[in-house]
Every structure is written in structure tokens, then in C-alpha cells.
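Got a structure for you, questions after.
Note that the chains take the letters A, B, C, D, E and F in the order they are written out, and that residue 1 is the start of every chain.
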Amino acid sequence: MINPNTTGPMTDQMARAATAVAAADTHVIPFTADSGPTAIESYVDEAYATAKVLDLVKDNPDMDGYVIACASDPGLLAARELVTAPVIGIGEAAFLYATTLAPRFGVLTTLDRAIEQVWRQLGSYGLTSHCCSVRACDVGVLDTSHPGKEQLDSLVRTARAAVHDDGAEVIVLGCGGMTETAEALHAAVAVPVIDGVRAAVTMVEGLVRCGLQTSKLRTLAPPEPVRYISHGE
Amino acid sequence: MINPNTTGPMTDQMARAATAVAAADTHVIPFTADSGPTAIESYVDEAYATAKVLDLVKDNPDMDGYVIACASDPGLLAARELVTAPVIGIGEAAFLYATTLAPRFGVLTTLDRAIEQVWRQLGSYGLTSHCCSVRACDVGVLDTSHPGKEQLDSLVRTARAAVHDDGAEVIVLGCGGMTETAEALHAAVAVPVIDGVRAAVTMVEGLVRCGLQTSKLRTLAPPEPVRYISHGE
Amino acid sequence: MINPNTTGPMTDQMARAATAVAAADTHVIPFTADSGPTAIESYVDEAYATAKVLDLVKDNPDMDGYVIACASDPGLLAARELVTAPVIGIGEAAFLYATTLAPRFGVLTTLDRAIEQVWRQLGSYGLTSHCCSVRACDVGVLDTSHPGKEQLDSLVRTARAAVHDDGAEVIVLGCGGMTETAEALHAAVAVPVIDGVRAAVTMVEGLVRCGLQTSKLRTLAPPEPVRYISHGE
Amino acid sequence: MINPNTTGPMTDQMARAATAVAAADTHVIPFTADSGPTAIESYVDEAYATAKVLDLVKDNPDMDGYVIACASDPGLLAARELVTAPVIGIGEAAFLYATTLAPRFGVLTTLDRAIEQVWRQLGSYGLTSHCCSVRACDVGVLDTSHPGKEQLDSLVRTARAAVHDDGAEVIVLGCGGMTETAEALHAAVAVPVIDGVRAAVTMVEGLVRCGLQTSKLRTLAPPEPVRYISHGE
Amino acid sequence: MINPNTTGPMTDQMARAATAVAAADTHVIPFTADSGPTAIESYVDEAYATAKVLDLVKDNPDMDGYVIACASDPGLLAARELVTAPVIGIGEAAFLYATTLAPRFGVLTTLDRAIEQVWRQLGSYGLTSHCCSVRACDVGVLDTSHPGKEQLDSLVRTARAAVHDDGAEVIVLGCGGMTETAEALHAAVAVPVIDGVRAAVTMVEGLVRCGLQTSKLRTLAPPEPVRYISHGE
Amino acid sequence: MINPNTTGPMTDQMARAATAVAAADTHVIPFTADSGPTAIESYVDEAYATAKVLDLVKDNPDMDGYVIACASDPGLLAARELVTAPVIGIGEAAFLYATTLAPRFGVLTTLDRAIEQVWRQLGSYGLTSHCCSVRACDVGVLDTSHPGKEQLDSLVRTARAAVHDDGAEVIVLGCGGMTETAEALHAAVAVPVIDGVRAAVTMVEGLVRCGLQTSKLRTLAPPEPVRYISHGE
């Protein structure tokens, strides 16, 4: 499980959630990016974090499966080129699970600027028609993982608006930092609330148990043997 | 695990596949429709089988999760109304897993007439853009579960056409009866071959371990208390 | 004209509407399901009613054309397999007529839970882009056919919201029971109000006069000769 | 029934087809554009013909319904602004009928350059997903109405390719001039062949019998009172 | 630069805007329709104006590029048949530029009835997903070019609603008459405001400098040699 | 103009093409990534190159406009966050220009594995419906910029297939390295051939002359003030 940002406590929190749902014989190994943004809140942050995700995958090529633990799924397709074992993003897993629990889901994201990013992500997964609501709670990534009362109220208020005003029948948590708020939100809105960390870990387990791996035929074949230049070369 | 058709040996075959991938603490309980079509090869067959699926769900309301073991997923939404535990179709599960292994998948179905049915099913799941090929092998449902050499050749030939002519990078088996052909097909086409039975069982396990259930808020709430009339009433 | 539910008075009401618009040489023969739900208000009801629709079609194979008189069009594709004469659903007919009268229509349905069902139905007909509003009046199926003042007020209020808030320029009645409310609603909202019963009957007449029949080439060919098992067999 | 081109014999031919299917109490009144292109084979032809269609509608405002008898449906929305009675294009009617007879239809058009025009037309009606084939027979508009053996062979060959290579289960005739070839083509391809002239006439009859008219609320309200300048003014 | 309506002062205004942004070596030659509607406010107006646009293109075949200066882009495809030099509509250019400045734009149109027309135009360009708002300011075409305080207030109010209520991050002016309001609107809403006149002129310049011309292969080949009939012939 | 790969001669080649079409008062300043892949042929290469593109934008914040000179447009949205001046990708510009020259274009890409990447890129721009063909010529990025006879033959053969088999009426060059092949391909296929380098430079000029800049309201606002960790911190 790779945390693309550099905030170790957030990795720990997600690892706890992952371990709690994983099967007895699954060993969750958490990795944290060793440089780059402490939170991913813009396309710029995402771009720099993606390079770190790939470094971590290249350095740890022998896992049975990989979880990219940021809801925007940075580096998902590139990571799939690097290894044969399944690679699942926590955004992706949460969206896919959501499609099985209700006809339309809502996504609860952090900042207003991320709303459009989520719609693009859904579009790239071909899942736009399953989503009826993307709303921001105006709480930054790091605050979502230790929300005070005010932040939690904002999360609840936003989730309720998704359910009551937009018709969402499931809520997808749009940030890895929200992992520990799932229960409180579920209690407040009375619809399923999906945490991508737990979803992704169990989905990787499922793929592994079925013996399924990334297709290496064409699009996701190992990278071409392109030469890389280092600084000053 | 509910087999919507009335062919017991096909239920047994699918139950073996399911048990082989299920976790140690998962107990796969197979059910077979006690009346109706021995195979589902038309919209008419599907309609009659759907009523039987719902009878079985109503008679067995206490499972932790349900798998509808026919690739056209008969009765999926209706079954979700009847129970709170997750209900997954083997078509649905195979399609969702396929989206995580390659950008475009191909579906291998039985008869020519089912091609359009699969495209409609994909459309109803919002997954059309993930699929680049639906091809029929011209082998009936019951024959797919005990294919002779000729039938197996047809399956292989059709899968190869999906991969080489249509650009499929993963093959989804479009019939529960094809469960035991997965390995032979994978050997022949060198891309992942997804059996929905195995996919659905592990996906239900994943949902259950995450504590997720069908949303009961609106669309999939328990059926309204409508009065039913019996024959001769 | 087949009423998929078991409520005879509703059949009578729809038959009167059908007869009123049918050509002089058209004989409208109404059928009512002889068992099953008295109203179709869930996917479960729809599934059980579908089997009854197919029984009625099989028992009456010599009509010049068939109307399935429930707005969710249960069993439409399966019925087309069973006979060669045209089969039209009242939902389908109303939607198609609506596309010729204004750029966007609104659908007035019964219960909140049906909203998503209507969107899925539109999606399966490829007509999503023609619809800008699906709203529920919170009046059950049987009440729509004998609405009191309160129910009629709710129908009017909901139709007005579709027109004024959502931009609908035509209203489609989303339940066969609403047949006799068309005039009152039209008077209230000043846009065309389409009753699917009348639409379907005239559309079947049109197809018949053009000599057109269901294509039997592939998808809608007669069902395969699959063996059916009876209870206790 | 308005023929947008200036070829009277083609009007006569279409009027015969219309009269043959119309109800006993329907009076089909044919109109021919009195100036402009003798056939519509380009966007330029269509633009000039559209102005003539509108002139004819303005000069004949009291019909019970209007048919625009060119498969590209020139001036359809503008004509709907001018009158309240239903206006149906022969392309539109054929496409709508086709959706009720099979899951996917093919369109048989005249020249290669029209293929894209048909796809755009389908897109504007939101019907793209119902069409799996648009093929040109390389026979000009006027020749389609008096095809020699070579032209008829080309029509048959093209229709067969739509059915066998592209999966079409219904053929839509993509030119008003093809009216009299419907029977020969149906005999050759064994799927329904839809002539838009007959389809449009019966669809207008159906709308009129249901008492339905164009919505005048907003988009298709009568034109604004804009001042027009004449040449030399 | 062709103004499809017959209002000369509006042509002058648009020509000034065009000249102000054109390169030093670009000569903007304005043309005004010599007969037809003084403003284009309905499909009927558009149809008659289209014929005049084509007359002007045929009479002036030797330009290096053409701008159709009405936001509904009347006659765009037909004009491309007539000449090889690039032809750009001001609606089209504004929409394309808008896609490069923000993920979603809003269109500010004139009358309520035009809202649906804009959505259809966007659909025909395949740009629906880029647009999140089409709103009418209820100011007629001619008034938009000389707005009083009340009209300007309405434009500002409508643009603000697009930005704040609908999520637009760029505003596209939906009428050539709005050219001179761009600065005032930009000052009011603090997002880019795109005037199609300026956009189209610079886009034509860009295409010309790249040596690019309309494809003459198939769809936009010169019109077929169809015979035209004059009145009384 | 930023070349995301580290191959200086390719930068020079693209700079020559850009300068040849730029206006007299435009100064094209080429930049080359100083580390990273010498060619971008996988998602992994693209991810690492994106970080370099952003470094170059941050180091050169005062340009009037930016061109990202790789057809997959790496870092496009992130670069738009960093600066206010317009940022255009050469893929994007070529696609947008193509939509104005013919109804459907074809994209000529390098390797088979890139075909799906192009379709995804088109999907993210909402331009899928404009493209009817993506074909690979099986020539690597660096070879496309110095093609031998065999490589050029492959480019021509692939372009011809797009035009004749897939219906493309314009060809878009799917790699910056193909810049100098545009003339030869145009001579061979007789439809417009669009080089994104030239398209992007003139499109940026157009935006700048119109005074248009990236919207800073929400999605593309400057990045949040997230703290970045360096290695070993």
C-alpha cells in the first residue's frame, strides 16, 4: 500500500484501516513517498507525487498486489506497466464497489477545486453515469484525517446535501484521509459510506485469489527500453 | 450462490469454482432453480428464470451475500430490493474486475443472438466504453460446460479474434458454463481470462469484509406492500 | 393490450382510452394478468409481472399487434421474441412521440423510488438526452387511476415543477393509471401531456398499416428450443 | 406532405406511397418546392431547400399535420415554430419506427458524402446508439426513384452488407426516392425495410388522433417578430 | 467576415472588434446579408439567413478564410463545401478557445428559446461535456449590441449565475452583438469572457498560417452538380 | 515551447516548424527537459516527463504563452495551475484544428501501445466523436523525426488506411517528431495533415491577441500552499 504523499501519520492511519479488513493471511506493507508534497491538493501536487509512486513500485517489484492510497489514483496506469501483479487505486475501488450498492453515488471531496478533477477521473473510468453528486466539504487533505468538530460537521453537512439534494444513495469518501470518518458519516446519513482504502485492499485480495493479473499484451506492457538522461548528463 | 437455470450439474461445476477461490471462512451454499429453463438463451428464458431467482432469495433471506450465477445477471436489482446483504451478478463482477486489468475487454458469449444482449447489459452498467468486442462462439449454454474439442476450438478461435482483430486485452467469459474453460483459454490467448463465478464470490467477500450493504434509501428499498393475486383468486 | 398487473378496473380504464383514439377498423382487446401484483411499484413486482405478460402473449399469438400497458414496459424484448407482430410498450411510445413535439420532455412518475428506474429505462432506449426531468408525485399506482383532489394537486404541482424548474416542454405520464388525468394536467401546465396508452395504440396501428413487423433475424428471433422443468420434475 | 426538392414526379411517387398506407379519412396533399434544387445531395442543396420548405408551410398553415418528405428532414425545427400541428420528417419517422422493431438498424443512403450527414442527423436526434451501419449505395437521389437493374443491384448489395457485415437487423431507407424499392429490398435481405414516407404519414396520423401538438412553450414558440429586409430595401 | 443578418451597424461593430485583434497583415473584409432577418432569433430566421450566407460565399470565393459572424454558426458546413479556404463560425471558435482556458464554460445567450438551440449546437460539435451552463439574459439580439444599463445589468447578473450557481469558469458570449460587452462582463465576473468574433478571426489566421484548408475528400467536397429550378421555370 | 523529452535535436526540429508559422512579432523560445526520458513511449515515461515540464514552467513564469510539445500533452492541467498565460498542448491544438476542417479525423501514432492512450486523451477532451481512426505506424518516437524510406512508407501506408478504411478526412500527426513529415504525408493522402507544433503555436498567438488567459477561479487556481518534503528531510 503506497501513500503518494509524504505524511507518515496518514500512511499509518490508512494501514490500520487496511489491516482491519484484510484477510488473515494478507500482509499489508505500507509505503510512504520519501519526498514531495505532504498532501495532494492540485494537479501540480499530483504530478510530482506520481513520480514518487512509480519510484516506490520500481523499488518493490515483488508484492502480490499494490494499492495506490490516494483517491485521485496517481500513477495508476504507469504502475500497471511496471508490474504484473494487480494495482488498484483507492478512488477506483470505491467507485466500483459503489456501483454494486445503489444506482447512483455521491463523492465527498476536500476542496472546491477538486470537484472537476473528480468528474474527470470518473470520466476516464467510464463511470460518469453512476455518479450524481460531487461536493467539496472545504476541509484540506491533512485536516480530514484529524477532523475537529467543525470539520466533521462540514463533512456531515456535505454528505447530507449529496443524499437529499442530489439523490446520492451511497457516499464515496473522496480522500484517503477520510478513512476514520466513515462510521460517523454512515451514522449521520443512513446510506452506505465507502472508504476506498478498505475497498482497494479487499479488491486486490479478490483479484489475487482469482489468479488475475494485469494484461501485458499491449497498452500496459512493460515500458519500452527508452534511455533516461540524468541531470548534468 | 444461485443458479437461475434448472441444470444441477452446472450449479455443481460453478460451486466448485467458487469454493476453490473463496476464503477459508467462507461457506459457499449453491442453489438451483427448481423449475424453469434448463439454460438461459433468450429474453424469454431470462424473464422466467428471474422469477425463480427472486423466489430463492425470498426463501433464503439470511445469507451474508448473494451471487447470481448467470452472466446476464437476471433479477439483480430486484434481488437487491429483497435483501440488505450484497448481491453481485457474475456478469457484473467479471466486467468490473476486467476494468482494472486492461483498458478494454472483450466478452465471449454463447449464441449470436446474445451479442446485442451483452451490449445492452454493458450499457445499463455504464461500462460500454470499456468493452471493445462482444463475439459469439456459437456454442449453447449447456455445451459450454462440457465442451468437446470442436466447441473448445470455437471458444479459442473466438477469443483470439477478440484479442487480435478487436483489440481486447482481457477476455470476460460470458456464460457461467464456461467456468472450467478459463485456464485453457488463458493458455491460448495469453491475456487474462475472467470467470465471473470466481470474480463474484471474491467481490461479495470483499464487500462483506468492508461491512458494506445495499443502500436501502430509495431505489432499492424493500418492495412496496403491493397485494399479489394468486391464480383463480 | 396487456395490462401486466392484476387490477381489472385499471385495464378497463386503459381500454377506454385506447378505444377512443383507435381507428374505426381497429379492435382493442384488453387482457389482464390473472395472477401477480395488483400494481407494479418495485423491480420485484416488475419481475413477477413480466412472466405473466409473456404467458398472455404466448396464449394469444395471433393479434395484429400488442401493447404492453405499463409504463416500465415489462417484458418488451421477450414479447418481441415470441411473436412477429409489432409489440409496443406504453412508456416507449410516449417517449418516442414526445421527441417529436419538443426538444426535451419531463416524465411524471409515481413514487420516488421509480425515478432512477425511469432514467435506466430511458438509457436503455438511448433517449436520455431527450429527457430533462423525472419527478415523482408521491401517489401510488392504483391511486393515480382514481385520484382525489389531493392526489391531483400533487400531479399538477409536480408537472409544473418539471416545466418551470427543469425546462420540460412536454410532459410524459409515467404510469398507465394516469390515463384519465391527461386533460386536467394539460389544462394546468399548457404543454402537451402524453398518455402512453393512446400513444402506443396509434403507434401499433401505424406499424401495422405500413406492414412492418419485428425483425426475426438475430436478437429477437423466436426463443431457442430450451427445455423447461416444472416444479417437482 | 412537402417535397423539399423541385422534382414533381418524385413528389407523385411519394404521394402514392403515402396514400396507400393512410387511413380512409386522411387526405394526403402533396406540395413540391417551386424553386431550388431538383435533388438534395449536399449541405448547400439542403440549405436552399430548407427556405422553400418554410415558404410552403407559411403558405399552407391550416393542415392537420405536416410531413417533410426528404430523409435529411430539412427545416424540421423551423417548421415546428411556424405551426402548431405536428410536423414529422421522413428520416425521423423511419428512425423512430426502426427502434421498435430491432435493437440496431442500418441506414441505406445515396452518396458516400451523405454518410457523415446521416450520423450527424442521428446524433441530433439522440439515436446514435440505435444505428450500427450507414452505407452509401452510390446511386444519386433522382436515380433511386427510377433505379435500373444496376442501381437496384447496388441497393441490394449495400443492404446485405449492412445486415451481414455490420449487424443491422432492420434497414432504413435513407432517401425519399427509394420508396418504391422497399419491397424488393425486403425480399432480398429478409429483415424489415422501413420507408420514411409511409412511416411519417402514419406517425402524423397517430399524433393527430391522440390530439397531440407541438409544444409552444419555449424552444418552438412562434418566431419572434423580427423585421425582414427585402432585396434593395 | 459575413454577418448573416441584415443589420449593418452590427456588422460594423463586429468588424471593429475583428480588426482590433487581427494581425497587421490581415485585411478584415465585412459583408452583410442584403436581405433577410435583421436579427436571428428563431430557427426560422436562421434558415432564411443561411441561404444568404451561402450567396455571399459564392459571390466572394477568393478570400483566404471566412468567418460566419453569428453565434449559431448558420451555414457552416454548407459554406465549407463551397470553398477550400477555412471557414470558422464565431460560436464554434469561442467554444474551442473556451476548452483551453478552463474545464467547463458557460454560454450567455439572448432569449430563453435559444437555450436549447445552444445545447444542440454544442452536441453537434461534440462539446456538450465542456459546457455546464447555458443561460439567457432575456435581451434581444439587437439590444445586446447597444445595451442600456438595464440590459447590461441583466447580462452581468446572468453571467454571475453561470459562474456561481452552475460552476462555469469561463463565459462564452452567445451572440455576435455582445462583442463590446466583453470587457464589462470580464470586470464583473473575474473569469475569462470569450467573444467569438475575435476568437474566430484569430483562429482563421492560425489555420491560414499553418497552410491548412477544409478537407475536400468526401463530406465537404464541392456540391454535386444538381440542377436548380428558378421560380416560374 | 517546452519539449518534455530530453532529445535536443527534436526540440530544434520542432522550434524550426514553430518559427516558420509564427507571426513576425512572436519569439519562439524552445526549452528541453534537462533530465528524464529521451522519448515518451509509455505512461511511465510520461509521468516522469511531466514533472520536468512543470519544473521548466516554474523556472520560466513570464512567457506570454506556453506550448507543451509532446502529443500526449503531459502536464497540461498542472501547467495551467502554475501560470496565467495560456498553455496549449500540441495534441490538443491539432485535435481542435482538425474539428474545423472535416467531420472526422484520424490520428497517426507511433507504437501500438499508444493507440489506447490516444483514445483516452480524446475522451478527456470530450472529442471522441470527432475521431474515427487511431492507428500506429510502428515507428518509435525518435525514428519518426528522422524517418528512413521504410519508416516513411509505414507512415504513408498507415495514413492511407485511416483515410480509406476508417473514413478519416483529416490526419492528425500523433507525435511531435513527425513535424517534418507533414508535407510528404499530405502529398500522399490528399487530405489535410495537421502538425500539432504549428497548430499550438498559432493557437497560443490567437489566444494572446484576444487577451485571453487561463481561468483562475477554481479548478486551475494556483496550487494550494502545500509543504514539500525533500529527500532525507
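The criterion applied here is as follows: a residue touches a chain if its C-beta (ideal position, glycine included) is under 8 Å from a C-beta of that chain, and two chains touch if they have at least 3 such contacts.
All figures in this text were calculated on a predicted structure; none of them were measured in a lab.
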item	value
Distance-maximising chain from subunit A - centres being C-alpha averages	D
Euclidean distance of C-alpha centroids - subunit D vs subunit E, Å	29
Cα-centroid distance, subunit C relative to subunit E, in whole angstrom	43
Where subunit B touches two or more other chains at once, by residue number	103, 115-116, 120, 123, 129, 167, 218-219
Topology of the chain contact graph, where touching chains are joined (line, ring, star, complete, other)	other
Pairwise chain contacts under the document criterion	A-B, A-C, A-E, A-F, B-C, B-D, B-F, C-D, C-E, D-E, D-F, E-F
Subunit D partner contacts - residues on subunit B that touch it in the complex	115-116, 120, 123
Residue numbers on subunit F that touch subunit D, as the complex places them	103-104, 129, 167
Of all residues in subunit C, those that touch subunit D in their complex	21-24, 86, 88, 92, 96-97, 99-103, 125-130, 163, 167, 169-170, 190-192, 194-195, 198-199, 202-203, 205-207, 209-210, 212-215, 217-220
For the subunit F and subunit A complex, residues of the former touching the latter	6, 34-48, 50-51, 54, 75, 77-78, 80-82, 111-113, 115-117, 120, 123-124, 140, 218-219, 221, 223-224, 226-231, 233
